[in-house]
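Multiple structures follow.
Shared between the two complexes below is chain A, which pairs with chain B and chain C, respectively.
Let's turn to the complex of A and B:
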């Protein structure tokens, strides 16, 4: 599931003696194969480096500090269309809201799966459901969210005019994005919990702690690196998603609140995030302001790079804490 | 429940049962929500399927014209039009997702074998963040890069004037093409594949590989004949899961595939990979503003239902493929 996990596993020592053996004695086809593997490995590095460099060059060329504090405006050339303060703000707000939902629920599901998991038929259903949720296209979550949040009894969460619920708000988008991040959080936390040896649990039971206290005071603190990793991977998916934002956040240029209570009105209203801003300003979008798209893509890439480094650091620290057996 | 707690879980019931019930209820809510998604989406999609029957999946007429007709008929509920033949969209989905899955599978397998066994340490240390970064880059950024780099390159340098002229009466070739979509989608889904492949290959017992090496088989052969074969379930699972991800990719494909309801025709020869198209997920994004028209809404949800069904099937297949590995304790 997660890329971290694949690499976090301590790499086994290479098979003995292979490193020094030359491939000169191999059959030609094997040598071609190995050369091809080298080529692809280097190609992946080169493509990534090229992408990052290209976005850095373009980003530095087009990004102006003023863009970070001005709002987008409709206009026909780059000097009239403003910056992307609202998309940036909304990216942060929507990330906080959706991770605020996804982390507790994800931890709860992981704890249930790894510590309780009874009856086992239900556990299997839950497992496959989470797996299925991981494979569900985000556009489907967006369509489902539209149906859900247009329901009259959820009308208080978005704009309502004449009895028709608009169904597009920060609440709607955050709820569906939380579903998107959920499988990553569950997988990571569950793996962390399962890596804790059973004698740790038994030691806690032996001093008279209940299962729930053990989970809260012993297991979850021990699994904190996995919780962090899972949250950051989930956050990466939340920030990267566009389809749900386009549908459920309304994709308006600036924040368009609904109601009179300050913060609530913003959350009930519509907006856009960096991803939908890029989509709008790309040459194929309605805005067609590539310079703005480059600048926003650069900022987005910086956020993703920071997350990537974060996952790396936590993974490294987690390795130090690994239970020795 | 209480009697087996005497054996394995020491602590007495009480707060634990409460915790178990609370968590269990929450878990059930999430499962219910996912089930509700299936029910809601299929229910909303039903009118479109009901009006078209199996012809929904068939050919006939221009998809774009049909979409226009369906959308404009929304003004008058009595004369709603539902006629829709989605084959060009489905064909495009099959071509792009299938093509990307094949390309990504070959590349990922070689890279995974390379990472596990043959890469020097410095390159392995570089590939790790590279693969993770590729997995985390937002799809819209891939789309942007495709539009400003790959598409002009294909348009200017790969498609000859002769090729453009050969299909002029039917479609214009401008770089937004199957090729661009397949290349970028393969780049997007291969990190997922690589991660799962590497997991599977690492889980192959060392002794099996060493046995083969001891017989004098060279390391490359050993890896392919023993390692890759043993990790087969992981390969299937990774491919299937990554394909499901590719199937649902909407935004990037909307930007790059050309977004016209055209079915690329293999009979055109090699030019066919330069032809534009539009997969199902991209069609939903492209027509998202038309949700206000009831018949169009049902049609869009029908496209979504087809995608949801295929993606769920693929995830389930991936989950099933992983079971033998989990049972033998090779992968958690």
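Let's turn to the complex of A and C:
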């Protein structure tokens, strides 16, 4: 119903005496196909709704406000194992750190690919590298990260004892998570830049501006919605990842710092995020505290939903301010 | 304005002769070109080969001819190639302040390429190469830094393309020097308003200079682009079909603006609209397949073209 109505709204009004086309006049096989498409679409909605509703119900049942401000504790049952303040804090910290890396690097790569891109052979290599990175399972990045950050010369980024580099820290995890977010940022920014008609660039050159001024003052501001969309998508990927957190953040339920300088100590140490907290507390996990897992999952779901709404709003805003090409 | 070399100033007496003859009156007084020997029927133009001028060509030119002309640019034997394809083939013509030069011709005839050569925008196309010489106030433009040249020879495009910032910033963008500290808004206020006034936009936007430029109407956007192009006080203004994306009312406003601006800046306009060329241009160059077929005053080219191809084109036989 709604599709036919939407279609009618988008197309010019039908000529007088001609009714909207009804699927009743279609061939049988087409009608079966249409019914099947409807069925699958509704099934998909139902599955998603069930998942979200289930997590909502479970989350509301188990979530207590105190969980947001207390740390995980060792205990034998749910009333003794505390909350998830540190995982929540670490989720925020690790997101900021990895996006702080991914956004500037991603924008730089996108600008280079879209506006400069010479020599073109190098541009092609960079392009396929980014695409490959986008398809790499995060556990592979995590594994590579453990090799990299256990190298002696990167020892200052994590705990070191007796010449052995531990290799697990916020720095290590954020660096690898940034690689996860990078392809999404690059793709989105690049698309945004390429959507700007070439006459806009030329208009800037034609009043005596250099390519770099044009990029900074005209193109990037014009591509701002794409930068935001890409960042949000990348952030969603970072928040959702578990493998890198497990292998590179150490997966200690509370923060375990290294060194004496206040913030640096925390960042060089280990911790956990909401995803690894859920992983640990899930019924099949080591902790087996399902109530805590549901509560944390509920919070994570809220964050991800908020991000999706954010992407949607950002994507819509600024759409009306476009040039014709 | 200060120039490197004082440009030659020329009183138009001889060159105006053909307009004078066609109009049957004196020239340079800017008034009274209404007279009897109209050539709308093609018989009065003296070349007697039966050319019928298009209906829009009337005895009375809508604008008075220019009173003075200052040579600004000289195109000498210019050829431009894209890869193997020749887009412009040994074209020579003068560009003068005080006159509007229109480039007309069918699509793909090289008029836009010629226009873009004038501020070296063709160089942005990787495959383009050019021969010949273009001078600006006697200096070969190949020896001028492209960014410096493009501040003196600015361009307005077919599609209105204000930058995604405020009206004020669109104009101020041009005035802000690169790689130096951005001047304060107050310092630029006067220059920005002057440029907007010259483009005839100030009265419409004065109250809200922080208005997003992309929220202006199409005609206002295009005048903002003209204001932007005028902000740096260029010697030459290039217009690439500036009205083809606009409604007739906006087109009229911009055409009037072009005529008004011609005494301060040399104007070259590419247009597909022959009537527009007749309305705004003092001189017209007709290009075909990369060659400049004919260069003459607007009245002459439309009513008494020398070349058969020009006749065919202006009378609508092709194009």
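Rule of thumb we're sticking to: the second predicted complex is superposed on the first by the 304 of 325 C-alpha atoms of A that agree within 3 Å, B and C clash if a C-alpha of one lies under 4 Å from a C-alpha of the other, contacts with A are read in each partner's own complex, and residues count from 1 in each chain.
As a working rule, contacts are C-beta pairs under 8 Å (C-beta built on N, C-alpha and C of every residue); 3 or more make two chains touch, one makes a residue touch a chain.
All figures in this text were calculated on a predicted structure; none of them were measured in a lab.
Of the two partner chains, chain B is the only one touched by A:108; chain C is not.
Of the two partner chains placed by the overlay, only chain B lies in contact with A:128; chain C stays clear of it. By the touch criterion defined above, A:290 reaches chain B but does not reach chain C. In the superposed pair of complexes, A:208 makes contact with chain B and with chain C alike. Touch criterion not met for A:228: it reaches neither chain B nor chain C. Of the two partner chains placed by the overlay, neither chain B nor chain C lies in contact with A:267. In the superposition on chain A, A:199 makes contact with chain C only, not with chain B.
Contacts of A:180 after superposition on the shared chain: neither chain B nor chain C is touched. With both complexes placed on chain A, chain A has more residues touched by B than by the other of chain B and chain C.
Common to the chain B and chain C contact sets on chain A are residues 202, 205-206, 208-210, 213. Contact residues of chain A toward chain B in the complex are 1-7, 9, 11-12, 14-16, 18, 21, 23, 25-27, 30, 33-34, 36-38, 40-42, 44-45, 47-48, 51-52, 54-55, 105, 108-109, 111-113, 116, 118, 122, 125-129, 131-141, 143-144, 146-148, 179, 182, 191, 194, 202, 205-206, 208-215, 236, 239-243, 246-247, 275-276, 278-279, 282-285, 290, 293-294, 297, 300-301, 304-305, 307-308, 311-312. Contact residues of chain B toward chain A in the complex are 1, 9-12, 14-16, 18-20, 23-24, 26-28, 30-31, 33-37, 40-41, 44, 107, 110-111, 113-115, 117-119, 123-124, 126-141, 143-145, 147-149, 187, 191-192, 194-196, 198-199, 202, 206, 209-210, 213, 218-221, 224, 241, 244-245, 247-251, 254-255, 259, 281, 284-285, 288, 291, 300-301, 304, 307-308, 311-312, 314-316, 318-319, 332. Contact residues of chain A toward chain C in the complex are 197, 199-200, 202-210, 213, 217-218, 221-222, 321-325. Here chain C touches chain A in the complex through residues 119, 121, 124, 147-151, 154-161, 163-165, 173-174, 178, 212, 214-215, 225, 228-229, 231-232, 238, 245, going by the rule given at the top.
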